[in-house]
Amino acid sequence: MIRIGIIGAGRIGRVHARSVAAHPQAKLTLIADPMIESAKEVADAYGAKATTEASDVFASEEVDAIIICSPTPLHGDHIVAAAAAGKPALCEKPLAMDSESAAEIRRRLEEQGTPNPIVMLGFNRRFDPSFAAIHKAVEEGEIGELEQLTIISRDPAAPPKEYIAVSGGIFKDMTIHDFDMVRNFLGDIKSVVAVGQNLDPELADTGDFDGVVVTLTNEKGYSATITNSRHCASGYDQRLEAFGPKGALFAENIRPTTVRRSNGEVTDAQDPYLDFFLERYEAAYSLELSAFIDAVQAGEVPTPGINDGAEALRLAEAAEESAKNKTVVTL
Amino acid sequence: MIRIGIIGAGRIGRVHARSVAAHPQAKLTLIADPMIESAKEVADAYGAKATTEASDVFASEEVDAIIICSPTPLHGDHIVAAAAAGKPALCEKPLAMDSESAAEIRRRLEEQGTPNPIVMLGFNRRFDPSFAAIHKAVEEGEIGELEQLTIISRDPAAPPKEYIAVSGGIFKDMTIHDFDMVRNFLGDIKSVVAVGQNLDPELADTGDFDGVVVTLTNEKGYSATITNSRHCASGYDQRLEAFGPKGALFAENIRPTTVRRSNGEVTDAQDPYLDFFLERYEAAYSLELSAFIDAVQAGEVPTPGINDGAEALRLAEAAEESAKNKTVVTL
Amino acid sequence: MIRIGIIGAGRIGRVHARSVAAHPQAKLTLIADPMIESAKEVADAYGAKATTEASDVFASEEVDAIIICSPTPLHGDHIVAAAAAGKPALCEKPLAMDSESAAEIRRRLEEQGTPNPIVMLGFNRRFDPSFAAIHKAVEEGEIGELEQLTIISRDPAAPPKEYIAVSGGIFKDMTIHDFDMVRNFLGDIKSVVAVGQNLDPELADTGDFDGVVVTLTNEKGYSATITNSRHCASGYDQRLEAFGPKGALFAENIRPTTVRRSNGEVTDAQDPYLDFFLERYEAAYSLELSAFIDAVQAGEVPTPGINDGAEALRLAEAAEESAKNKTVVTL
Amino acid sequence: MIRIGIIGAGRIGRVHARSVAAHPQAKLTLIADPMIESAKEVADAYGAKATTEASDVFASEEVDAIIICSPTPLHGDHIVAAAAAGKPALCEKPLAMDSESAAEIRRRLEEQGTPNPIVMLGFNRRFDPSFAAIHKAVEEGEIGELEQLTIISRDPAAPPKEYIAVSGGIFKDMTIHDFDMVRNFLGDIKSVVAVGQNLDPELADTGDFDGVVVTLTNEKGYSATITNSRHCASGYDQRLEAFGPKGALFAENIRPTTVRRSNGEVTDAQDPYLDFFLERYEAAYSLELSAFIDAVQAGEVPTPGINDGAEALRLAEAAEESAKNKTVVTL
């Protein structure tokens, strides 16, 4: 039984708490949050202890592994502290606010003599059963070389403007998941070009894009196209298409039921998509935790790891540069 | 070039006239209808002659083969006359108003020394590309033995009550197509049980059912289920499912476009079904004509033929008996 | 917190144990099974106690409500004992081996002065999110009157012959779920006609059918058609179509992923269906438990109840009589 | 009855000849091709005359309107000659080999005093029933502003290298259709960025791309993404997705039947896509001709016209420049 401590009792911390509770080989023992009421609420639900101090989690003798759900600017400190304490960590995305901070994390890890700790980055979509099945099929050569990858990824509705203001921008906040997915499928990226859009007039004053189209290519010239929007009337729109010379693989949206409706106006009309990520990626979060537990038990550095977090950030920055300067960025 | 004469310039006669015009090896030369205006209209459109007399079609030296689209009670006379004239005929369904009349047709053909003329019965659905592809796959063993056949067949809206009054009843008028399809897939039928429904209050006084569910079994015990309704809000509902130990095959409805609509209420909503049989079975009518032309050119008795017309009637009568007496009818 | 005792630690008992563990307001405290190892295994997994005696469950002060997963012939005894102990019970289907035994259960409940206990029958499919959504839409009039209900229900593979021998026959063992679904949608049934099939040569000597087609009608003449098979190459085939004058509603099969595959042979090919009921109806079992917990907390007799269990049995017996005697059975 | 002359008896010329024959208000009277055998073959099939000289078509008193299916470098001469003869023309795409030649056509038309002749450009996809239905829905505001347009357009197999060598490059030869579609939906384009790919090793020495991804934006910042490939294992892959704040509209691929296959490996597997453009766009060619006939009868300049042909070429050149220089091109 792996005893888990969680740092951060917000929305995503609670997702992980529930996954831990449901996992046959994991148990939540401690949860830290500056808002003690929030920490207590989660702790009570799962028979764990609560604290306001993240440092308690690193120090606790009742914690074997840590899930870091703190605000992004603290990810580095918490990864370094977990490594210092010799405790494996699963850290939420993004790794850091920018590439420089990501590099700083690695420097600090080197300096303290833990250059290669057991740290997993929370790119949950890699564990989505449909995306994972397509990834496996591609790896096995089912469609030949992956020549064109098409990702459509749209949120149901924009977050509050206050969130957008501190989010680091759409590329690091939202597209980051897609950048990791592209890397997962296409490997190292050589060129990035991005178009930024201001679709929603209500968000015009945020200074951030709320729609993007990004095209990336790898060394072989194979491409990936990402289309993002902060809004989608039908729910959380999450699709992927992998195309190669022998065929294509598609991951479709998920609905709450399989019901289809026909009447005088429409036929085979389905439900809106699952909305939002907690529902849509429920299985992914659970399988992500399993992969982390497996890595902890095996004592192996898991994938995706710190490097994947850093590389996704690098793509986000390249895309931002491309969109702002209207240039193609070569990496 | 096969020169075609058509008897009957009504709705179905015009479908065949158009198919003939489009067929590279056929040409409409003569069309007969008691309403000469109607005959002329079709004749003018395709460069043919018009007449009020069916007898002209049998006698004409400019007619090599005949398509019989006359009212059902006249099918027998016209088949016999075509055979006497030595002209192949494609006769619309149903063969006759009842099994006795069907038997009478065969007696008359025997008596005049043409026991086995080139006569094709217009069970157009056998030629529908999707149904035909499934039939071929079943024959080739793709799903193993065909154990359970499920046919859903619903008209978009009921015909006028005057039509229903002379239609011979839903089993002979509407289900007849499905009975032929069942025979096409399952061969000889051993047992029939039917439930008749009165769904539409407006049709309650017609004395006819407007919905039926029929279950048929063949000698091996394999089953077919037919569900009919005289109405369907989404259009002409025509589906078929063939199930066997190795798999299943499904024919879906056809829409005018491939468009799918998503919004806040529904996702991937499609168009209503093609409505009605002229549109839905356009390809089937055309392929049926091709099969008839092929049979004419080869001088061979085509399938489906007179016997298929008679057997479908026999099933219709068994179903009617079953529904009215609430019994299982063994053939 | 409702403390739950479970009788029977077999496959279905374990499903319920897991649902109980995951339910925020329920807790497993005791599990009984003559095979104590099996009971202990479940008890250990969820922090409960184990016993060989069902009587311990009725007597226990640590049990507020009972889930009866014993063999069908014992359901009556266990329902009566639970009622005597004043403990609500969720009893697995079927209620009893036959209608007579079902009536006997009611007599005994009357005699001991508990004519109307809080007993829920485990017709889990009523709680399937897709079937439930369709039921709700039908109740709300979305398609007008429900005129034709079509249920396709096929198991992936037949159970062992030993199971079939004591199963009570396919109508009571397998179709029973569909009979309850038909009653749920159409209310009281007036007429039943069933065709029994022997599809799998390997099962020919069991003396039981392994395929059935049943047509039922209610007082208004609206129909339901059930098609069952003990085998299905693509997995657990569970579909339902509700048709009325204003439209139709369809529940489709569920796959493990949303992946679609295209290549030179096929396009948009999907995964086989979820296989088997534990996976396919995972959500249904969980929602069923919630409904039971709600009823327990409210102190109300839940639906489906003992009467529903008895009525489903009556339909099973009518269908068996119809299939064996080749008659239409009027109720 | 409009009497039609066709210049060019190749593949596309024959498509139009058939459409003309089937059109109730049009009739083929003359067809010109330097290979007289080819011209005669078409002429004989439809009761027309044949000639080797295009000039005969412009001069003929039996020709009311002309369909230009000559090689692209001759389009300009033939458009100018048709205008000089006062005969409306439907000219195949692309308008010319490059923008300069397109401008030259306009200069010549001005000089000869026919600045605005009745000339339609053969962008047949605008008339595809599904694309047209989506265009209409977008125009009617069904999804709000069209924010993101996604076009997937893949040929089943590359043309011969000899064809590629004289094709003018993939952007002008293949993507030209998609550029017109983008303009049709988004209006004037302000920025273009394209990625060119060399996917098929066999085509590496052609000096042309065989895959492209193009992103275009209009003045409002709304985007269109085009993904092309010269090969697709499943057939002619032609899809379109229009996304806006109120919803999305999808045009799916077309198959020869509606058959779905399920077995132990896959479920609901469909047929490969219709292959190739003659089949896929059969309805579009026919509706395009109808629109042309309507314009001829009304004496109005049709859409899409010469300007649309020129603008599509401009986008093709911008995309080529972008792909070759790895820059974003602003128009």
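Letters A, B, C and D name the chains as they come in the text, with residue numbers starting at 1 for each one.
One rule holds in what follows: a residue touches a chain if its C-beta (ideal position, glycine included) is under 8 Å from a C-beta of that chain, and two chains touch if they have at least 3 such contacts.
Given the structure is predicted, the values throughout are model-derived calculations rather than measurements.
Q: Return the chain whose centre of C-alpha atoms lies at maximal distance from the corresponding centre of chain A.
A: Relative to chain A, the chain with the farthest C-alpha centre is B.
Q: Return the chain pair with more inter-chain C-beta contacts, choosing between B-C and C-D.
A: B-C
Q: Taking the mean of the CA coordinates per chain, how far is chain B from chain C in Å?
A: 42
Q: Using mean CA coordinates as chain centres, what's the chain C-chain D distance in Å?
A: Inter-chain centre distance comes to 58 Å.
Q: For chain B, which residues are shared contacts with two or more other chains?
A: Answer for chain B, listing residues that touch two or more other chains: 143, 233-234, 246-248, 253, 261-264, 268.
Q: Mind listing the chain C positions that touch chain A in their complex?
A: So the residues of chain C touching chain A come out as 22, 129-130, 133-134, 137, 142-143, 246-254, 256-264, 268.
Q: Give every residue of chain D touching chain A within the complex, in rising order.
A: By the definition above, chain D touches chain A via 143, 145, 147-148, 150, 152, 154, 191, 193, 195, 197-200, 211, 213, 215, 217, 221-223, 225, 227, 229, 231-234, 237, 241, 243, 245-248, 326-328, 330.
Q: Could you list, by residue number, the parts of chain C that touch chain D in their complex?
A: 233-235, 253, 255, 261-273
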